[in-house]
Amino acid sequence: MADLLQKYEKLRRRHDDLVRFGADAVMLVNERLLSPTRAIINGRETILAGTNNYMGVTFEPDCIAAGKRALEQYGTGTTGSRIANGTYALHVQLEEALARFMNRRSCMVFSTGFQANLSMIAGLCGPEDTIFIDMDSHASIHDGCRLSGAKVVVFRHNDVEHLAKRLERHPAERGGRLVIVEGIYSMLGDFAPLKEIVALKREHDFQLLVDEAHSFGVLGETGRGLAEMAGVEEGVDFIVGTFSKSLGGIGGYAVSNHPHFDVLRYAARPYMFTAAPSPASMATTLCALKKIEAEPERRDILMRNAEHLQKGLKEKGFELGFDGAITPVVAVICPTEPAAVAMWNALLENGVYVNLALPPGTPKKLALLRASVSSAHTPEEIDAVIAAFEKARAAVADLV
Amino acid sequence: MTTAHKDIEATIMRLLQAYNKEEAPLSPETNIAADLNIDSADVLNFVMEVEDEFDIDISVNELADIHTISQLAALVAERVNAD
Amino acid sequence: MADLLQKYEKLRRRHDDLVRFGADAVMLVNERLLSPTRAIINGRETILAGTNNYMGVTFEPDCIAAGKRALEQYGTGTTGSRIANGTYALHVQLEEALARFMNRRSCMVFSTGFQANLSMIAGLCGPEDTIFIDMDSHASIHDGCRLSGAKVVVFRHNDVEHLAKRLERHPAERGGRLVIVEGIYSMLGDFAPLKEIVALKREHDFQLLVDEAHSFGVLGETGRGLAEMAGVEEGVDFIVGTFSKSLGGIGGYAVSNHPHFDVLRYAARPYMFTAAPSPASMATTLCALKKIEAEPERRDILMRNAEHLQKGLKEKGFELGFDGAITPVVAVICPTEPAAVAMWNALLENGVYVNLALPPGTPKKLALLRASVSSAHTPEEIDAVIAAFEKARAAVADLV
Amino acid sequence: MTTAHKDIEATIMRLLQAYNKEEAPLSPETNIAADLNIDSADVLNFVMEVEDEFDIDISVNELADIHTISQLAALVAERVNAD
């Protein structure tokens, strides 16, 4: 019999090589946090330019105060699932607030964004249904599809024509059909062509789920995401989002106008059989939601920072994964994997943290340094990030 | 069978060459992912090219039981001739 | 095309009937929490006898203080995954503390216990492997099996002979073999026959994963769980546990002595692609771990309370799902589903909350009122719970 | 085929009666879960009885493609005769 971990021997060797090279991205530790954009890493003060802290709300005094109050009033955890003893007034308050903010009839909150996708996809779809997903979908979407037992059809990234062809070829038969796309794709920062996808509904029968994990708070007049920005909210049947990005907490949500949406509360296993989110998490998230609602200027600053970083890196000759629009995710394409690893190390040594994203998990097998901005970044910090990229490139000149 | 299995295999092998970085020899019994060391994303890309070439669709679920070139050719033949 | 939620029409009608009958267990709200064992539900002070708060640590002042400090020092959330920007010093501290407590080489923490099982099972096993699971396994184990793509073989609940037969019939072939059992099964409170299962290793080749979600803190000399109590820790290759029961938080962990265990940090998707647990959650959990380590008397009180409730209900003529050992989960078997629903309502009206567990999801299709005890329950509270069960039975006498 | 498919079907139908609460008529084409309204836990229980009766093993994965009595009988026959 084979040892179960033997299958990863090659992967392990590759990782060990990376670590020997100095890049232990997998176990990089933030020793201390100084602010939404600063931490101590390897003993050095570092600018965080690789988080999903788009609205910069993780250290807001009122959110922290709300978390503390929740700890005192409701305790450290719920020790039970939402359908047993785990629903507290706070969960209901957050669901109501999100439904209102998103302008939808119903909202469910989940313990993680990952489980929001698992619950929604495997809750909505079963073996008789067909799911159409973008090739570059997040892992939680792929895993949700697998859990559902549905027929899964993959279309090329953001390729509406390819999706249309696939919809034509896979008729509905007995079951239903669900198309899933993302507001902002996390690796390159590009958006789904949502208007065109919604337009497909005129000719093809399907329901549409949009994962606004990275676009919630960021896109749209009021921050409701890509569906709002594209002006097609009515064409979107289900929206999934997360608390661990713009809302600075942990957990996920789904909203819908479907009259029977709440059936998922007793049909979706990753909602039913997991401990409810902690009181502190609900309270800080609720406070952050109010904050981004009350302070739309955060979105403006974010977009200014995004443009600043995007333009700055382009001007310095860096090739970006996407520059078709202003986006808070700015991914620098490295010519080779060793170049990416070396530059990532050099950036860290220069006091800038970005995400190291290596093939095969990346779009088009690109070796990426994924930077992202926060509304809490100052223009000086963005300049420092751009300068660090230049310095890092110079330091690894023999590799690029 | 209106489209010959052998012809389909030949076309598949031609499309597969772009992913066969180690230039391993190809036969109908070649295990596409394992023998050629192709990761899951590239298997998807390769299958999309096969779909385009034959103007058919293959779902992710069907791929679970497909390992060799011959098995893929059989599925393609079934799909092509069903149209 | 069918609407995706149409498949639940029957389930929805059944639920609506229950709600009309007065039992909306799915959306029962704790309006306020007063202590680990008391809450305001429907405006009434209620004894909580249906949580998983076994060690009663949810309101410990030092744990709450630790959570508050973490909020201040590290912020409300990590906004990133463990393999990106989401590993804080607190995560590492908790992993080290758990590895030490569990006396194992390595520990990984996860954002939920559910994702701990998904990560471990789908991380360890792939299409070439075979997994042997107990029929009454938790939903997260079933879902982990499905995600893995492995061959899944089910054996009868706690039936060692049946497992042995299955191991014999499914030889290892190219892949590995994993047997999964639970320390305490959550519905009836019974234990896996772990000593006998470990003994099967002498004749059969397999690796063993034990989910100690409900037994961690509860069983064993030092609270390490069933493996410790059964004296077979060396025979258990992987242990999974959760923070949302004895530790009063949210999250999960896995420990092992396997030299390559850490490969799962870059191989297990539900670990890699989800936001890291929140700082407050890590801090309260770490404090709770120290507490249950320093105060073993909590375990003694818990077991005294368990015995008290078990004996009390038996003496009053209630049939229990399991009484082969003292266990903190005490499930009362109701003769029919309507009787269970009516008694659940009557218990609530009498100020006692227990879990309502109805078929088909329950073992042997039983209609259960699942009570559970905490070390924070007073003997008077246990007496009140027993009295409420009697009163509830009398109130629904026409149904039982 | 050394064990007749019809004999196996008859045995399966006999075992199935205990789960056929609505006493629906059984035929080889009966969809076990859908037509008889049997939930997934009872399908597992029923299949375990089939396994015991024929002294064979069936994995959960195999059940995904088995819907009718006839399909189950075919799988049992394959397994019985393989031993």
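When the chains are written out, they are named A, B, C and D in that same order, and each has its own residue count from 1.
The working rule: contacts are C-beta pairs under 8 Å (C-beta built on N, C-alpha and C of every residue); 3 or more make two chains touch, one makes a residue touch a chain.
All of these numbers come straight from a predicted model, not from anything done at the bench.
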{"item": "Chain located farthest away, centre of subunit B as origin (C-alpha)", "value": "C"}
{"item": "Interchain centroid distance [CA atoms averaged], subunit B/subunit D, Å", "value": "34"}
{"item": "Distance from the mean Cα position of subunit D to that of subunit A, given in whole angstrom", "value": "45"}
{"item": "Intercentroid distance (Cα basis), subunit B paired with subunit A, Å", "value": "33"}
{"item": "Distance between chain centroids, defined by C-alpha means - subunit A, subunit C (Å)", "value": "28"}
{"item": "Set of subunit D residues in contact with two or more other chains", "value": "none"}
{"item": "Per-residue multi-chain contacts in subunit A, two or more chains", "value": "149"}
{"item": "Graph class of chain-chain contacts, one of line, ring, star, complete, other", "value": "line"}
{"item": "Pairwise chain contacts, counting only pairs that touch as defined", "value": "A-B, A-C, C-D"}
{"item": "Complex interface listing, subunit C residues touching subunit D", "value": "130, 135, 145, 151-154, 156, 166, 169-170, 360-361, 365"}
{"item": "Of all residues in subunit C, those that touch subunit A in their complex", "value": "1-8, 11-12, 15, 25-33, 36, 48, 50-53, 57-60, 63-64, 67-68, 71-80, 82-85, 87-89, 92, 111-115, 118, 122, 124-126, 128-129, 138-140, 143, 146-147, 149, 172, 174-178, 205-207, 242-245, 247-250, 258, 260-261, 263-267, 269-270, 272-278, 280-281, 284-285, 288, 353, 355"}
{"item": "Residues of subunit D that touch subunit C when the two form their complex", "value": "39-42, 44-45, 48, 56-57, 59-61"}
